[in-house]
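Down below are the structures I want you to see.
Both of the next two complexes hold chain A, though its partner changes from chain B to chain C.
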Partner chain A sequence: MSSDNKKWFSLNLNRKKKESSGTCGCGKTSGGCGSYSEHPQMTDEEFAEAAINASIGEERTKDGFDQVFDVKMDRRSAFKKLTASLLIGAGAVSTSCSVISGDESKEKAQIDWEEQFKGNYKLMDDDEKKGTVERLMRSYELRTGKNISMSSKNAEDDVLFGYAFNISKCQGYMDCVNACVEENNQDRNSQMQYIRIHEMKDGKGFNFNEADDNYYHEVPAEGHFYMGTQCFHCDNPPCVEVCPVQATWREDDGLVVVDYDWCVGCRYCMAACPYDGRRFNWSKPEVPETEINKNQHYLGNRMRKKGVVEKCTFCVQRSRAGKNPACVEACPTGARIFGNLLDPNSTIRWVLENKKVFRLKEDLGTEPKFWYFMD
Partner chain B sequence: MMNRKNYIYILCCTCLFVLFSCRHGEGEYHGVTDRIEAESKNYHGTSISSEKYLEGIKTIEITEGEHTFLIPERKNQITSYACTECHSKPLTQMQGKDAKNAHWDIKLVHANKNTMNCITCHNPDNMDNLTSLTGNNIDFNNSYNLCNQCHTKQFKDWKGGAHGKRLAGWAPPRASMTCVNCHNPHKPHFESKWPERFNTETVKERE
Partner chain C sequence: MRRLKVFKSLVIDSVDAITQGSKKYHIWMAFLTFMMLMGMYCYSIQLDQGLSATGMTDRVSWGLYISNFTFLVGVAAAAVMLVMPTYVLKDIDFKQAVLIGEGLAVAALIMCLAFVIADMGGPSVLWHMIPGIGVFNFPNSMLTWDVLVLNGYLFLNITIPFYILFRHYQGKESKASVYVPGAILSVFWAVGIHLVTAFLYQGLQARPFWNNALLGPRFLASAFAAGPALIILVLAIIRTYTAFKIDDKTIKKIAMVVTVAAQINLIMLISELFKEFYAPTHHSESAYYLFFGLHGKTALLPWIWTAIPLNVLATVLLTFHKLRNNFRVLFFSCFILFVAIWIEKGFGLIVPGFIPGPYGKIAEYTPTGIEIGVTLGIWAMGAFVFTILAKTAIGIELGKLRYKK
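On to the complex of A and B.
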C-alpha cells in the first residue's frame, strides 16, 4: 500500500494485493490461503491507516485550499452540510434570543458572540478594552463559578521598562523559572517555561551551543556560570514586524505583548525572534484550578488557548501596578534588576550608567531592553 | 531636449526614492539608549507607587552619598534583642560550666581567624551595639556600615542598586534589602543546592 505513490487511500476489498515476495497477507509462504480473497486480513499498519483515513480522510494528504475546495461532493451532501451549519448558527441565535432557555446560557451565548466578533485589542479604546475584560471575567464566572480579576491597565506615561541581569550573581537555582510558571499560568502539561537558565563552561564565553539549559545537579556547578534568557522586549522587535495580523506589538512602556484572541498561530514571530523568546501552545494549556493565578491582565497571564503564541510580558499584571516581575521577586541572589529606564534616579539607570553592560546580539539592531553585567 | 527632461525627471525620482528608503520606519531614535536619554530629559515622575506594598514592613530611611532610600529595620527582627537582657554581667563571668549555653548554633564561617573573630564586630562591653574596626559604635539597624568597612565594592554597588534586592516593587519610593537580609553575617556565603525545577518534557523533546 505504502509502496505505490498514490496520494489517496483505497481499501482493497475484494482486490488481490500485489504479492512481492511470494507471501500473502496471512504470512504463509506456500500453499496459498484459501480464505484470503473473501476475508482480507489486514496487518496492523494497514488497519491503522484505514482507521486514520476513516476519521480524517483526505485532510491528511491535502493541504491549504485543497482541503476545503477540492472535495468531491454531490448536491445532496452539500445541502446536508449547509443545513447542518445553518442549524448550528440558528441554534446560537436562538439560545441568545430564546425565551425558554435560562438566563445564564443566554448570557453565555451573548458573551461568546461578542467575543467572537470583537476587534484587535491594540485598536480598542478604553471602553472597549474594559468591555472585553469584563466579558472574559463574567465568562469565567459562568463557566467555573469562580471569580478572577482581569485588568486592562494601559501603559503609563514616562515609563519604559528595562531589565538587567547580573551574570556573576546567578547561581542557577531556577527559583525564577518556578515563580514565572506559577505567576503566568503556563501550561503544566507541556511544562512551558519563558525563562531559560543556561549553564555555561568557564572560559568558553557565551557559547549557547555547548550550554545546558536543562541541568539537574547541585548548583552552582564547579567551573560553570549561569545566564538567563527570556523575551528581551526589544525596542525594534523583529517579531512584531513579521506578524501578518498585527496580533503582537510594542506598548508605549516598552513591553512587547500578544493579543491571544487575535493571534492566528502562524508562528512567524517565533521564526523572527533571534533570542528564542516566544513559546507556542501546541495543546490547550492546562493549569489545575487551585494553582491558577487569578490576578490577571488581558495582555499578560490570562488563560491562553490552543494554537496561540505567548511570551514573557515582564509580568504586565505586576509591573504596571508597580511591582517587580515574579522572576525578580523570586531571585534569592539579587541577580535580577528591573525598573523604569526613563527615571534618572532609578536603580536600573544606575546599573546602566555605572556597570559595564552589554546585550545579546547587539549587532542585529533589535535594541533589546535587557542588559547583562558582571560585578 | 526631451532626453534632458527625462533625465531630470529620473534624477528627481531617484532622489525621492533614496530619501524615503533611508527611513526604515525605525522611529525617531537611532537606538534605545538615545531614546532613554532623550525621553528622560523631561521626566515628570509617574503615578505608580510601591508604597502600598511596603505596608506592614518597618523601614528606616538612610542617606549614603547621593542615594537616599529605605531599608528594613533590623532590631525588631532579632529575636533576642536587646542583648543586654541576658548580657547583664561581663562576658568573663558568663562563661563557665554553671552558665546556660547560648549561641551554641553560631559558628563563624566568615574570613579567616587572623582577620576576624567575634569581637571584630561585637563589643563585649556594649552588647547592644556593633563595633567598627576603630571601636566606634554601629547601630544594629545600620549594620551595613559594619560590612562596608571591608566590602567596599559591594557597598558601592548596593548603594546604586546593582547589588542586592529591592523590597516591594520597582516603583518609588526605593526600598532595598540590607546586607543581613540575604547574608547570614556569621556565614555569609550562599549555599549550593539543587535546582528548583527540572523540565522532563524538554528531555523528551530532545531525545
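On to the complex of A and C.
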C-alpha cells in the first residue's frame, strides 16, 4: 500500500486526488535510496500540517456546503449520486448524524454508501480504480482490524497471457486445485473449485462423458490419464457478450475478468460458457480468517459476496506482478505452462511452435487461449 | 385538470369495486393474499441465505424461476391473438374478450418480471441494469433486448386498455385513431417479445439443446396455443360468475386459434424429435436425457411423458369440430394443453439445456420447497393483479362504474 494518509470521511465526488508527497523522490515507496537522506527530518508540527494537507487539502478553505456542492461533476454522475442519496440517504444520514455512533461506524457507513453506488470498474479511470481499492482495504481494516493489500494494476502493454497443458505429464494429483482454492479465496463451504481434473480411461480417447471429475482415490490410477479444465480466457468469449450489464469483460492482456461488485447475478454467462468456466456464489462465501490470502487484486482474489459470479483469472494478482498463476507453480509434474504469447522467447511460444497443440470445442469459434499437447 | 379529476374518481371507484363482491370472491382474494404472503416469506429466506436456498447449482444454474418466466412470456404474447382480430381486422366477435386478453398479458408480464428478479443473485444492485444510470449492454446481450421488449409490451398493454376504459368510464366512445396505431404496434411487439426470449437461449453455442433454429418459431406456436387456451378458461369462469356477456361465438373463434397453433406446435415437435433421434449425435444427449434419461438419471421422465400425451390428446380433441364445439371437451382440452405446454416449455426446455453439462457431467436438478413457495407466490400475485384488472374492466364495460359529474 502507498503511504497515502487520506482519511475516509470525504465524499470524493469525482474530485481529483491531490498527489501526496509521501513517496521518495526516486519513485520508490520503501527502502533506501540516495535522495531521501538529503531531506531534513520533519518536526511534529510540520508533519501534522502536511498530514492535514494531504488528507483534506483544499477543503480547509471551503465550508461544508462548498465541499459537497462545489465539485466538478458531469450530468451522468450527478444523476447517479442523486439516485444514490434518494435511495439510502436516510439510512446514511441517520448513521452519520448520530451522536452515539463513533467515527468508525460513520466511516464504515460512508464507505458502504460509496461502494454501493460506485460505477462499473471497467469504465473507471485509474484514480477511481485506486479509490475503490482503497475503500475496500480500509473497509476490511475497519471490520476485522487486519490489513490486506489490494492492487488495481492494469494490463501491461505487449502482454497477452496464454496457457498450455501437457496431458502426458498430468498425474491427477490435484495440487493445482488446492493451490487455486487457497490463492483465490474461494468459498470453503461449497468447496468451490475453478479447476476440474477429468480422469479418463486409456484407450477411450478424450471421452469426457465417461470421465470422472470428482474422484477420491489414489492417483495416478491404473489405466487412466488426466486432463484439467478451467476458464480458457477465450479471445472471443461468449460469456462477455451476453452479460446485460458489462460486469465481465476481456482485459487487454487477454484475461476475462468479472467486477464482482457490478455483477447482478443473473447467471446468463454461466449458461453461455461452453467450458464450465464460471462459478456462482450460491450463499455467502466463507474463508477462515487465518486462511485468507491477503495479497489481492480487485479483479482477482478479493473477497466476494453472495449472489455474484466468479471465475479463474489466471491469478491476475500474480500474473500481472510477473509471477506464474498458483496452479502452474503448484503443479509437481510440470504439466502446466503459462506465459506471454507476445514474447517470442517465452516457454508458451516454444510449446505452441514445437508441439502438436489443440484446443477444446474449437468449432464454437470461441478462440480459447488454453492449449493442450502431449510429449 | 379535468382528466386528473376523472382519473381520481376512477381510482376511487375501482378500489370500491375490487373490495366488494360475493363471498366466493372474498375467499378467492383471501386465498391469493395468503399465497402471496407465503411467497414473500419464502423469498425473504432466499434473500437471507442466498440462492443456495434453491435447488440450483453451478451445474444447473437456471431452474424453476427461469422456466416459468419463459412460459409466461408466451402467455403474455398470446394477447396478440385477440388484439389483432379486434383492432386491426375489425372482427367484432372478439371485442368483449380483448380487454380480458390484455389484462392477462399485463398480469403475465408482471409475473415475468417478478420471476426474473427472484432469480437474481443481487436484487439490490438491479439499478446497474437501468439504462442511463447503470451500464446497459445493448445490443450485444439478448437479456437487455428482453428487458426492453418486455417493458415496452407491458406499457402498450397497460395504456391501450386504459385509454379505452377511461373513455368508456366517462361514457364516451374511444377513438380508433388513438388506439389503433398502438394496437398494430403491439401485434409486432408480441411476436418480438417471444422471439427475443427464444433468442436468449437460441444464441448460446454452448448449449446444443437450445441452439437450434426451430426454437423461436416453436416458442411462438406453443405460446399461441397455451395463451389463448388460458384465455378461454378465464372467459369461461368470467361468464359463469359475472354478468359480463361473452358469446359462444367468441369462445369458438378463440378455440380455432388454439387448435391451429396446437397443430403447428405438434408438427414442430415431431420435426425436433426426428432430428434428435433419427441420427443422434453428441448434441442429442440433452434430448435423450429429457425423454429417456441418461445413466439412470431420470428426474424429468415423469414430467415429459405427462406433457407429450396431454399435448397430443388435446390437439386431437381440438382438431375435430364436433368435439371442439362441445364446451366441456373444449375446456378440458384447453386445460390439459395449458399444463402440457407449461411442462414442455418450462423446465422441459430449461433444465435439459444444462444436462449433460459442458463436459458431459450429469447433475440433476430438483426445486426446493422455498423455490416452489416463491413460484406459487408469484403465480398468486399474477392472479391477484388479473382479478383486480378484470373486475374494474368488467365494471366499466357493464356500465356499473361511471364517472358522475
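By definition in this document, the second predicted complex is superposed on the first by the 281 of 375 C-alpha atoms of A that agree within 3 Å, B and C clash if a C-alpha of one lies under 4 Å from a C-alpha of the other, contacts with A are read in each partner's own complex, and residues count from 1 in each chain.
Throughout what follows, contacts are C-beta pairs under 8 Å (C-beta built on N, C-alpha and C of every residue); 3 or more make two chains touch, one makes a residue touch a chain.
This one's a predicted model, so the numbers in the text were calculated from it and none came from an experiment.
In the superposition on chain A, A:288 makes contact with neither chain B nor chain C.
Once the two complexes are laid over each other on the shared chain, residue contacts for A:203 go to neither chain B nor chain C.
Judged by the touch definition given at the top, the superposed model places A:211 against chain C, while chain B stays out of reach. In the superposed pair of complexes, A:223 makes contact with neither chain B nor chain C.
After overlaying the two complexes on the shared chain, residue contacts for A:247 are found with chain C alone; chain B is out of touch.
By the touch criterion stated above, A:364 is placed in contact with chain C alone, chain B being left untouched. When both complexes are overlaid on chain A, the residue A:145 reaches neither chain B nor chain C. Contacts of A:158 after superposition: chain B is touched, whereas chain C is not reached. Overlap of the chain B and chain C interfaces on chain A comprises residues 190, 213. Against chain A, the residues of chain C that register as touching in their complex are 49-52, 54, 56-58, 61-62, 116, 119-122, 124-129, 132-137, 140-144, 147, 200-201, 203-207, 285, 353-354, 356-361. Interface of chain A with chain C (complex): residues 76, 79-80, 83, 116, 119-120, 122-123, 190, 192, 196, 198, 208-211, 213, 229, 238, 241-247, 261-268, 270-276, 278-284, 305-309, 364-366. Only residues 156-160, 162, 164, 166, 169, 171-175, 177-178, 181, 190-191, 193, 213-220, 235-236, 318-324, 328, 331-334, 337-352, 354-355, 367-369, 373, 375 of chain A touch chain B when the two sit together in their complex. Of all the residues in chain B, the ones that touch chain A in their complex are 26-27, 31-32, 35-36, 39-40, 43-50, 52-53, 153, 157, 160-166, 168-172, 174, 176-177, 182, 190, 192-203, 206.
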